[in-house]
Structures are given as structure tokens and as C-alpha cells.
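Each of the two complexes below includes subunit A, the first together with subunit B, the second together with subunit C.
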Partner chain A sequence: MAQTEAIWRIVAGQELKMLWRSRRFKLLMLLSTLLFSLAMLTGWQHARDYREAYNSVMGRQNEMFERQGELNPHSATHHGVYAFKPWSPLSSWDPGLLPYLGSAVMLESHKQNFDRYRAAQDQLSLSRFSPVTLATLFQYLVPLFVILLAYSMIAEERENGTLKLLLVQGSSPLQLFYGKAAALAIALAILVLPVLGLSLGLMAIGGGAIPWLRLVPFIGAYALYWGIFIWLALLVSARSGSSRSALLILLGVWFINALIVPRVGLGWMQAQHPLPTAGEFQREIAKEQDALPDWDARTEKVKAALLKQYGVKDIKALPVNLEGAVLQDNEADDTRIYAEHFARLYSRYRRDEELYSQLGWLFPTVAIQSFSQALAGSDYQHHAHFLSAAEQYRFDYVSFLNNSITKAQGQDAFKYTAGNELWKQVPDFHYNEPSAADVLSRSAPSLAALGLWLLLLVGATPFVLKRMQVVS
Partner chain B sequence: MSRSDSSLLPILGVARFELRRLRSALIWLTGLLLIFSALALYSGAIQLRHQSNNAHLIQVQEQEYRAKQSKRVAKRVKELKAKGKALSPDSKTYRNPANLAQHGTPAILPNGPLAVVSIGLSPLQAQSTQITLADPALLESQENLQHPLQLWTGHFDLVFVLVYLLPLLLIAISFDLTAGEQASGNLKMLLVQGGGLQELILGKLTARVAVLLGMLSLLSAMAWGASLVVNQPFIWVRWGLLLLLSCCYGAFWLGLASLLNALRWRAANIAASLAAIWLLGVWVIPGSSQQALQSLVPVPSRISFVQSYREATEKVRQESSQLLGKYMEDHPDLAAAGADNEYALLQLSKEQAIAEAIRPVVDTYQSQLDQQQRVARWLQYLSPVTVFESALMQLAGSGPERQQDYKIQVQSSHDQWQQYFMPAIKQNQSLMPEDFTHTPTFDYQELRLRNLSSVLVPETLFLALLAAILLGYSLKLYHRYQVIESEPA
Partner chain C sequence: MLKLSNLTKQYGEKLALDHLSIEVPAGGIFCMLGHNGAGKTTTVNLLLNFVQPISGSVEIMGQNLHQNPREVLKSVAYIPELVMLYPELNAFENLEYFSRLAGKRYSKPELESHLKKAGLPTEAFKRPVGRYSKGMRQKVGIAVALAKQAKLLVLDEPTSGLDPQASWEFSQLLQELASQGVTIFMVTHDLFRVRELKAQVGILKLGKLQRLLESDSLSHQELESLYLQVAH
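The block that comes next holds the complex of A and B.
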């Protein structure tokens, strides 16, 4: 056993020495370091700018709302407030869908609005591929780094005849394999660990708390993902007829994972179940709103209910303002209609995201993307959680202000005004993202897919190596 | 037989031989290309239908609104006539021209000239803008519903196949142009059998150019067929230019593969290098340029922009609160009596004040965006992939230039709208039923190729020149190529 350990260590040491001397390794390290530096700095800068803007805007908005002076409370709901989406610390590592999602949603009476102000609307035409972020480098560049180092590791030994020599000298194929895998893992660690350390440092300097409960599984999942590529690259190198064919197969695997599956998979889902158009969506809502009772009919309905509730026969005897109650009744109907339609649309988005993440069982890049975005808070589920909290807040604050009119018994509901005391009583919007435990339990299948992939590859290794050709 | 004929024949002979040698690879690659192109065109057709349906619905809704309002006005006019009263001015809100002017007219951006081929940035761009009397900075644009996950992954369209996949197919048949035969010793054998190295290389390159042309012909037939199926016009001039650009782009990749082979590298090293160059070209250079540019020339935060708008609105509201009761401000349609031009003009002046207050923020935003675009236009020349993609999106009408042109046309249409309605509002005239069919309408005038030439010509020349340099230099290297030498690098 001790001898086995010694052999794989010797192989790993030798491989590392060779890597260190190779021009290919130095070039890849240089390029990767430059890209990681760019991704870290731009990610940090973007997070800092967003946080500063968010803090400033939240303060200014709250102050503006509380000092709007004498105003009709229902008019105040028409002026509305904005719910701004806070920055999730790990999203500077993996911005995921965030550039394609609105950063703010207008909260006003009578309707639920779409989130607006998507960063991608200002997208330059330079790149249609993913932006250079830590996550995209982890997902695309690191596997390519592994492939370009590993494709020839065993195949070339066979082509040069050194593989037979090594085996004759007493190494087993498995020991050789483990040694080479360890060398690749160390080379990768040399590249990635400083990046992780510096990124954590930047996160700490930024003033935000480091979300360890999300960070540890986040890094763990990437370690599994890179492990899959190390194992796969070495197995392909061991089984291929030549280093050239090993390279072509591995590049094909990378290409299908990174480029083809995400686009084609999602495009296919969209083709099977097309989304409604914006016009159809709004038309359906308008149709249901048109079917609601008009102001007079609603007043009659609310009046009858209130008279019955308070046991009086005349509206003058009511302890509440009838028009205020009608406004709130109207709001409840509008909210219900919008809620039903938006819920259908958002659940459609969520379902597609879940279906897409199931492709992770077949394609590890999809699994890591789903898991990484979920942990970074940059997936659609997080956005839907934010929108749902914002909508709940909208209904609560609109109801609070409408009810303040209802309480103003005997006044003209539309001429009645309130002052800053009332605005100060309206609670501010505070959003808390889902807990790490919730996210982990929801994303567990993606993590399991990565684990299963690695297990299968490790389990298949002895069988693959048993059939490995020693000479070309 | 002339001298040129005698040198051409061996080249064609080699080309025929190469095509036979590559036959099985070509069957696979053509099959892949067919599958990918069919998927891409299907995806393009789905997106095109999604956009067309939305545009159609916006138009239908507008027609319904106008028909309803026109009927209402006709009924009122009939009543007034029956009572022998003056037809104008009328106190009814729905007869106030300001009412129709502020309802507006939709300015719809139609699908691009080659929409089935390129989806490009169109899912992120405004498809419709409601032109009203409001300042153009405040006009509301509408994008169609798009799946955020699909926006993130990007669409799989034919431009994607041409820009990203075609080079890989060409790399697959060219990375061992001579490297494999050099390593196995077959190159020496081939030359011993007669013919020069130059003829051999030219023959091999001719075969690959023929493959490229064959693939492009296949794509042309498929794209034309797809446009027939989705009932969209197929603009052959634009498609022809697209093919010309694709030839230059394909020649660039062939030239690159030829150059690396001429350097006597090993086939695996050439494949790895070409894959790395492809990745640099499609992702690393454009992606990092974009990130760096957005950091160096940042646009102000969008959420700060929202807040500035809110503050301007609130300031104007507080200043105008003396003028009209809040009830009428929030529910003008309920205010049957007294809703006259005073209210309409107040609304206009308020919008004007808001627009003026936020203009500095909008201007800063726009000037930073313009600066980004200007620098991006130069930065794109760092990668031939970006140059090619930009040219294709312009030809297909799915890039930022068409959107910019659309905004300019919306602005001009807004001026026309204002000129049409303001005299009637000021003179307190009332709408007649026929007015609902006589208002100005927006009809997007497609950007002509002449307007795009200032961008397309340099882009085409750049790609052609790059391909010529690479092919020329590789042939020069082959001229000095030593078939029998030490081990290749």
C-alpha cells in the first residue's frame, strides 16, 4: 500500500515538473491569470457601484415618500414607490441571469408591473457569448485548461513508447492514472486558489459579510465539476488511439456542453411551449378587468355588504368611509387578476428553469451552471422570490393607504388628504433573500448530478484502464 | 494547352483526390451542419413568429380602440346635430383631441430584412413605442416577453452557425492539411510521385474552398426555404453580401490552418492552437473588451436614473398641486365635467417640466452609451469573429444600428404627431369620427444598404485582407518548406 502511494506521488511529481517546463502550461497560466484578474476586478467594481447606488436610492426614496406632504392617500398609491433589488454578494462571482432581469419594479395601485431596467438592454454588440466573469471562467475556461493539459498525458506516453516502459518498471495503470490526475489537480489549484483568495479578500473589503453557507457548497460544486473534466480528459487520453483524436473528442465534449446544449435545449423547450406575447398577456388581463363591475355597481355591492356588516340601514350611519372601502374592494379584484396571470407566467419561467437544470444529469456544465446561479442568487427562482415579496408589499401598502381613507368617515374620499405622519407609518420595503438551506435543498439534484458523474467516471476507471492499449 | 492550364490541372487533380479522401469526414460534417442549420432556422422562425404575433396584436388593439372611440364620437355628433347644437367645441373628454394625442399611436419596429437568419439583439430591444405628446425621453417602449434563461443562453440562429460553428467545421477538415502526412511520411511519398508542393497545397486548399462554397450553397437553399415557409421576403442582395462575408471569414480560418501547417507544427498542436484561437476570437477577446469597456466608460446606474426621474416627477407634482385637484389628476376619465383643455395643457406642461428636469441625467446616460458604442466599433477589429458577426447583424437588421435608427425615426414621427395635434388642442377643437383614421401613422423606413456601407465596406475589406495575408503568407512559407527535416515542433 505504501509503495502504491509512493508511485502515484512520484508520477505526480514528475508530471508537475514536466508541466512546469512546458510552454503550453506557461501560456495557459498567463492567459488564465489575465482573464481571472479582469473578471475579479470588473465583478468587484460592478458590485461596489451597484451597492452604492442601491443604498443611496433607497435612502432618497424613503425620505421622499415620507416627506410628500399633504396628499390624498389614494393619489399617493398612484405615485407609487419602487422596489429595488438588493445585491447578492456571490452574484459578483456569478451574475447569471441578473443582466437579463429588471433591477426595479414599480409598485402602484390597480396593477402589478413588470420588473424593469435590465442591464443587458445596454449590451454592446461586441459579444453574444457569455461575459467574462469568475463563473464563466470556472465553467468554460478551467475545463478547457484541463483538456489542453491532459489530452496528451497518457496518449502521448503511448505514442512515444514510454507508457510500456513505465508499466514494465512496476507502475500499474491505475497508479499512473492517479499520479497524473493529482498533478492536474495541483496545477489547477495553483491557478484557482489565489483567485479564490483574492476574490474573498475583495468581497471582505467591499464591506459585505461573506456568505459562508453559500460559498462552501459553491466552491465544493466547482471542485466536483473540475474533477469530472480531469477524470474524463485522462480517461479519453487513455482510451484514444492518438493524442490528436483524444483532443478532438474532448474539444467536442466541451463544445457540446458549453455552446450547443444550453442554446438548443432551451430553444427546443420554447418551441414546444411558446410564451405568450406581451400583447396577448396584457389583453387577457384587460379582458378580465373589463368584466369587473363598474364604479357604481361596485359601490352598490360594497354598500350592501357594509350595511349588513354593521347592522345599519343608512350609509350615514356607517362608522367607515364607503368610497374608501370601494377603492380597497377594487384593489383586491385588480390584485387577484394580475396575481393569477403573473403567477402563471412566472411559474412557467420557473418550470423551464427546473427542466433545463435536469439536463444537468446528462451534461455537467448545465448542472454546474444551475447550481452556481442558485447559490449566487442570480437564477430565476431568486428573482421570482424578490418579485413575490415586492408584490406582497405593494398590496399591503396600497391597502394600508386605502384603509386610511376608509377610516376617515364622513369625508369626501377624493378630497381627503393626509400628511407626513401617515406616510411615516407605512413600513419600508425590506427584502431578505431565501436562506442558504432552502437554496441547497432546491438545488440538491444539480449537486447530485455532478457527484454522480464523478462517481461514474471514478468507478469506470479500472475497467477502462484494463482495456487500455499500451503501445500504439 | 497553355501554361496556366497545365498548372491548373494538377491542382484540380489534387483537389479531387482530397475531396475523395475527406469523403467520410465530409458526410459527417455536412450531416451536422444540416442538423444545426435546420435547428437554427427553426429557432429563427419561432422567434420571428413570436415578434410578428406581438406586432399584429398591437395593431389590432389600436384599430379596436380607434373604432370604438370613432363610434362613440359619431353617436355624440349625431345627438348634437339632432339637437341643432354646435358640433365644436364639445365638453366631452373623448372628443378632446388631447385625449387621442395622449393615447398616442404605436410605432412598431418590423422584423429585420433577414430576421429568420439572425435573431441577434432583437429580443432585448424595443419592438414598439407608443408615440404621444410626451417628451421623447418619456415615451414608453415595449419589449416582447422573452424567457430570461433564453436571453442568458442566447438564441441558436443561423448567424450563430456561421460565426461559431462554421470555423470549427473548417478547422476539423484543415488542421492536418499537411501535418498528418508530414508526420507519417506520406508527404514525401506524394511529392516523389510527381507534382510540386505548391500545387499540392493549392489543390488541398481548393478542395476546402469547394467544401466551404458547398456548405454555403446548402445554407442558402435552407435559408431561402425557411423564409418561404414563414412567408417572409428573402432579400437576395443582402444574402449575397452575407455569403461574400462568409467566404472571406471561411478563407480566414483556412488561411490560419494553412499557416500553422506551413510552420511544420504537429497536427495535435495545430488543432489545440486553432481551438484556442477560436476561443480567443469568439469569447476571450470580445468578452474581455466588453467588460473592460463597460468598466472604463461606465454608464450611470439605471436605478439612480429611476430615482432621478421620480424626484423630478415629485417636484413637478408639488409645484402643480395648486392648479388642479388631485382627484382629476389621477382619475381624469371619471371627471365628466370640467375635463377640458386646461387639464390637457397642464399635463403637457408637467411632462415637459419632468423631461427638462431629467434631461441632464438622460444626456449623461446617452453620451456614455454613445461613447461605449464608438469605442466598441474600433475594439471589434481585435477579433475577426466580432467583425463578421457585427456585419451579419447589420445585414440582417438585428444589431444596435437598426435600433438606433428606429429611435431616430420615432423622434421624427413624434414631432409630426405634435405638429398635427397641437393646433387643434390650442384652438379647442373637438374630434370628428373621421379624425380617428386620419392621424399620422408610423411606418419604419428600412435602413438602406447605402447607409450601412460606411460600416460594411471596411468590415468586408478587413476580413478579405486578413484572409489574403494569411493565405499568402502560408503559401510563402510553403515555398521554403522542407519536407525532410528534423521532427516537427
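The block that comes next holds the complex of A and C.
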């Protein structure tokens, strides 16, 4: 009985049947299940611990702040409060730079502090090497699995002589290629989809909302990335003289792409644009602060401005507290100096991150790293966004308390005290991370690089296969 | 049915086939003899579009192979000297796969019938072909060719792995197929079978066709001495 069937589907079905029976696939399934489970549980546990710590510390801090009793409001700004970075759900999958960035920043008057409490500081020295996360497995291990499954798929058909029979029986090289690519994609889906499903389940159980607007492009980008390796591996298999040489070429590509470039690229970038040390950075700020007017000179300046503003000749006639206003004026100057220096430092970080992500046009692993971290909210840009929100809050919070002194007209600003009523009025710090649309538009070049890679490989396929040798 | 016209192939400096012209009618059997390196396998590779000629053409059922290879190859089946199959699959699965690629979907009894006709013992049907002898694999290869219901059968040393009984049965099968109108092009060293087949015989030497004759016009001994004389 003759029937017309799509040949690529027949080939795909056959490949899957053989993969399913092969020891290699079973071994890879076992290994990947173990590693994925480990990464998934580690990520889930870390997210749970972080969220618990966040809620507990935030609650305690708020409670302590609101019940600190009678205190001078400016002194309260010196005691400081912490702004904690909330957990971004997808960062359990891709923690990116988070272990090396602080999770909180102390907010106090007169200075903008560096972030502190880096997760990496709490780890054993050994665990600082390659932590097992879903992202590292997706970026390094899955391409390696693809290579190990695909390197022989076409080369071995030629070596064994089955390629001749396949072609005579009616398959074209292109149909054969598509069939094998489809089989690999399905095999990969079998490996990865349960992991994604379980991770989403854990995310939902953990109480966090699933960030679909970030999740869909996140998974889509990984699909493109794995597609690149599927296509590349099959093309190399088709063009190589033997399956062994195909394996060597592909492992070389993987090694350079996954291990060499990210490290060499970062090292090169750091050498090109060295950053100031913490000491240098603080010295520069201190130099500018030293050049600010002293207390007496500032008092004179503020007094003159207030007398003019309120049209009075004596400070006793002012409706506001002069010393409170001087404190706030001083705060504004300090804030400006810190803001300028931090803006310069952050722009250098940002420029380095952008420069690094440009390597993604040449190396897909760099492109997926940049895109994945951006969508997971674990890149530097997200951190800078948090720090900037925290700094804005710091100024507002210090201003709020300084202004409470300013309003206490006729009182000694340094002896004036406020109670719990005032502390309760201080607005809380609420941080919202950048919208998915913003992140997507900023990370579009990395996604475009992945798309372009796949497009180029797909476009080159008919030409490569036209020159494929059938006879070894 | 099969027409090779001035077919020429060169690998680097080496001329592998030199203006080979052959015509085989529908239902005819053509046996190509020659020593190793004479150009027999090159001819098969050209006939199946695995390599491209530098000049000349191959016509199968009136259609130029190199202009529309996929369409033309639909009516061609191939049995190589070493039939390579998927070792982890059994005979059924191999046959089913290759048949589906050829656009044929058979029921299990139909697949069984093709395997039986090719001479494969029933008890071997469900064993992975990785455990088959060379001769058994050859029989699965024959079943694949039979199942394709091709009009032209291209065979490269098809009896080299078969025992005398199987080899005789294979000759009978070829004659039966030829009587049904299937054209057979075979490359072989087996002079005995060639004589048996009542075929057109071409003797190739250094890529050039030296002699063209009818196998039944000579005794086995005459064919052998002529082969040794011409091919050397």
C-alpha cells in the first residue's frame, strides 16, 4: 500500500526510536535528570531562604524603626535603615551576577553607601567555582548533550553505508537533515520540559507570581540557542570526513564558546577599562566634600536665602527652623556629590556589560548569557536600577526627617526630639524592578544575535548539504 | 530502459571511467565484470547519483538521472556488497523504515512476505540485525529492494556474502524479477552466477569497456578464460 508521508517525519520518528534505545541517550537522560534536579532544588531552596530572610529582616527593621522612641530625627538618619533587594523569581533559574552583588544597601544621611551582603561571601571557597544552576546547565551542558547526540548522526550514516541506501530509497540530504534536527529537538524537549514544568510548579508553590512576560522570551531565547547547536552539530556531522573529526570540531567549538570566550572576554575588558579601587573612589568623594562650605558659612548662606524667601529680617521671624534647613541643604550637596561619582562608576559598569554583550554577535553563549541574566533580573543593569531606587529613597527619607526639624520652628534643632508617631509616618521603601518591556528592548541585540546565528545556519544548510559527500 | 552514454568520471588525475556507453532493455540483466579498480563501483556510484560525471549521461526509463535525480531514483533499488542496516533494529523495523522512505507502507504480513521471499529465516525476523551474519543482512537488503518494487535493480557484488544455496536462490529471484520486466544491473566477480543468469556481460578494464557479450553464448570455462585474458 503506497502512501505519501513527509520524509523528514519518517526520519525523525526513526531517529527518536533509535535514540530511545541507545545507551548514550539513556546515560545522558540520567545525568541530566540528576543535574537538573540538583540545580532546581538548589535554586528553589535559595529563593525560599532569601524570601524568608527578606520578610523577616524587613519586618524586624520596620518594627525597630517605628518603636525607636524619642530621638532627634537627624540622629535617626545617622542610625540608618537598610533597603533590601527583593527576590526576582527567574533569578532562581539564572542567579547571574547576584552572588557577587550586594543584596542590601544601608541608607543614612550624608553618604551613599556601597551595596553589601554578597551571597558569594557566605559560600565555601570551593563552591565559588561553577555553581550548578539551571542557567549554567542550559548554557553549557545542554549544548554539550546536543553535540554528543548529534555529532555522529549524519557522519555515521556515511561511515556505515546506510546513507547511500537512505538516499536511494527516496530521502534527500535536506529531508534527512530536517528529520534528524526535529528528532534532536524532540529529544531535547523530553530532557528539558519536565524540568521547566517542575521549576514553574516550585515557583508557584513558593508563592511567587510566575512572571510570564519575562518567562516566555526567556524560554524562547534558550530554544533559539539550542537550535543553533542542533543545526551546527548536524552541519558539522554532514560535512566532516568522519564522526570522530565531527566530534573533535564540535567539542572545540563548545570549549571556545562556553569556556574560553566568557573568561578571556571579561579579562580583556577589565584590562581595557580598569575600575577605581574602593579607596580611590572614596578619596575622590572626600576631596569634593572637603571643598563644601563649613557649617558657619552654610548657615549664613541658608539664612540669607530664607530671610529673602520669607521677606523677614530676623531669623526669629522665620516660620521654619534654620538649623533644620541647614542640615537639609548640606544633605542636598552630599547627595549631589555622591550621585555624580556613583553615576560615573555605574556607567562604567554598564558600558563594560554592554561591551561584553557585543561579543554575543560572534559567540552565541555570550548572547544567551546576557539575555538570560537580563530577563532573570540578575544582571548589573537590574542591580543599578535597584541602587538608584534605593538612593532616591535615601534622599527622600533623610529629607523627610530633616524637614521635620525644619518645621519645628523656634526649637534647638539638635535638642529637638520626635517620637514613634513620626517614625510611623516615614514612607516605606517599595521597589519595583524594570518592566519586561524595558528589559526586552534593552536586551534585543542579544536576542537578535541568537536569531541571526540560527538564520545564517539554516540559510547555509542547502549549500552545505549540496556539497556533502555520500561516498566516504 | 537503462542507457549510459559516454559516461566519464575522473578523480583528480585518475580517469576512473572512460566514455562508458551501455544500453539495457526493460527486463534485461547486465553484468559488469572487472578487477578491483576497473571502474565498476564508480559506475554504480554514477548510476545512483552518489557522484557526478565529468561528461556523459545516465538515462533511466527515458529520464535523465542528473536532471531530476530524486524522481528518477524512485524507480531504482540498490543492494550494496555490504548491506548496512541499523543494528539496534530488527529486520521488520529496518524494512519498514526503508520502505516508508520509498513511499510504501506495508502491513506486518506484507513485510513478512518480503523477508521470506528474500530468503531470511522466520526465526530471525525479530532479532536485532546487529546480530545477523553478512548473508542475513544481505537478505534484508534484498527484501528492501523487493519492497520498493523498483523497475531497475542496481547490485554491487550482491552474492558475495551468500552461501551457495542462497546464491542460487538469489539468481533464481533475479531471473524471476527480470521475467516480470525488472531491469537488473549487477557488478560482480561471480562468473558462475553470471553464466547462470543469461545476461549481457561487459568486461571493464581501467575504466574502459573492453568487451560486450552474451553470457549464454559461452561456456563457463570460455567466459572465465576470456575474462582473465581481457581483464588483465
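Quick notes on this structure:
What we mean here is this: the second predicted complex is superposed on the first by the 464 of 472 C-alpha atoms of A that agree within 3 Å, B and C clash if a C-alpha of one lies under 4 Å from a C-alpha of the other, contacts with A are read in each partner's own complex, and residues count from 1 in each chain.
Quick note on the criterion: contacts are C-beta pairs under 8 Å (C-beta built on N, C-alpha and C of every residue); 3 or more make two chains touch, one makes a residue touch a chain.
This structure is a prediction, so every number in the text was calculated from the model and none was measured.
When both complexes are overlaid on chain A, the residue A:391 reaches neither subunit B nor subunit C. When the shared chain is aligned, subunit B comes close enough to touch A:82, but subunit C does not.
When the two complexes are overlaid on their common chain A, residue A:22 makes contact with subunit C while staying clear of subunit B. Residue contacts after overlaying the shared chain place A:470 against subunit C, while subunit B stays out of touching range. Legend: residue contacts after superposition of the two complexes on their common chain; A:94 is shown touching neither subunit B nor subunit C. Of the two partner chains placed by the overlay, neither subunit B nor subunit C lies in contact with A:323. Judged by the touch definition given at the top, the superposed model places A:271 against subunit B, while subunit C stays out of reach.
When the two complexes are overlaid on their common chain A, residue A:41 makes contact with subunit B while staying clear of subunit C.
Set against each other, subunit B and subunit C differ in how many residues of subunit A they touch, and the higher count belongs to B. Taken together, the two structures place no residue of subunit A in contact with subunit B in one case and with subunit C in the other.
Across the complex, subunit A is touched by residues 36, 39, 42-43, 46, 49-50, 53-54, 57-58, 61, 120-121, 124-125, 142-156, 160, 164, 168, 172, 176, 267-268, 271-272, 275-276, 279, 282-284, 286-295, 298-299, 301-307, 310-311, 313-314, 317-318, 325-327, 329-331, 334, 369, 372-373, 376, 379-380, 386, 389-390, 393, 399-400 of subunit B. Subunit A contributes residues 1-5, 7, 10-11, 14, 17-18, 21-22, 160-162, 164-172, 470-471 to its touches with subunit C in the complex. Across the interface of their complex, subunit A is touched by residues 45, 48-51, 70, 73-74, 76-78, 80, 82-86, 88-89, 93, 97-107, 110, 141, 144, 148 of subunit C.
Here subunit A touches subunit B in the complex through residues 24, 31, 35, 38-39, 41-42, 45-46, 49-50, 53-54, 56-57, 60-61, 64, 68-69, 71-72, 74-75, 78-79, 82, 84, 96-97, 99-101, 103-104, 116-132, 136, 140, 144, 148, 151-152, 242-244, 247-248, 251, 255, 259-260, 262-264, 266-268, 270-271, 274-281, 283, 295, 345, 349, 352-353, 356, 380, 383, 414-415, 417, going by the rule given at the top.
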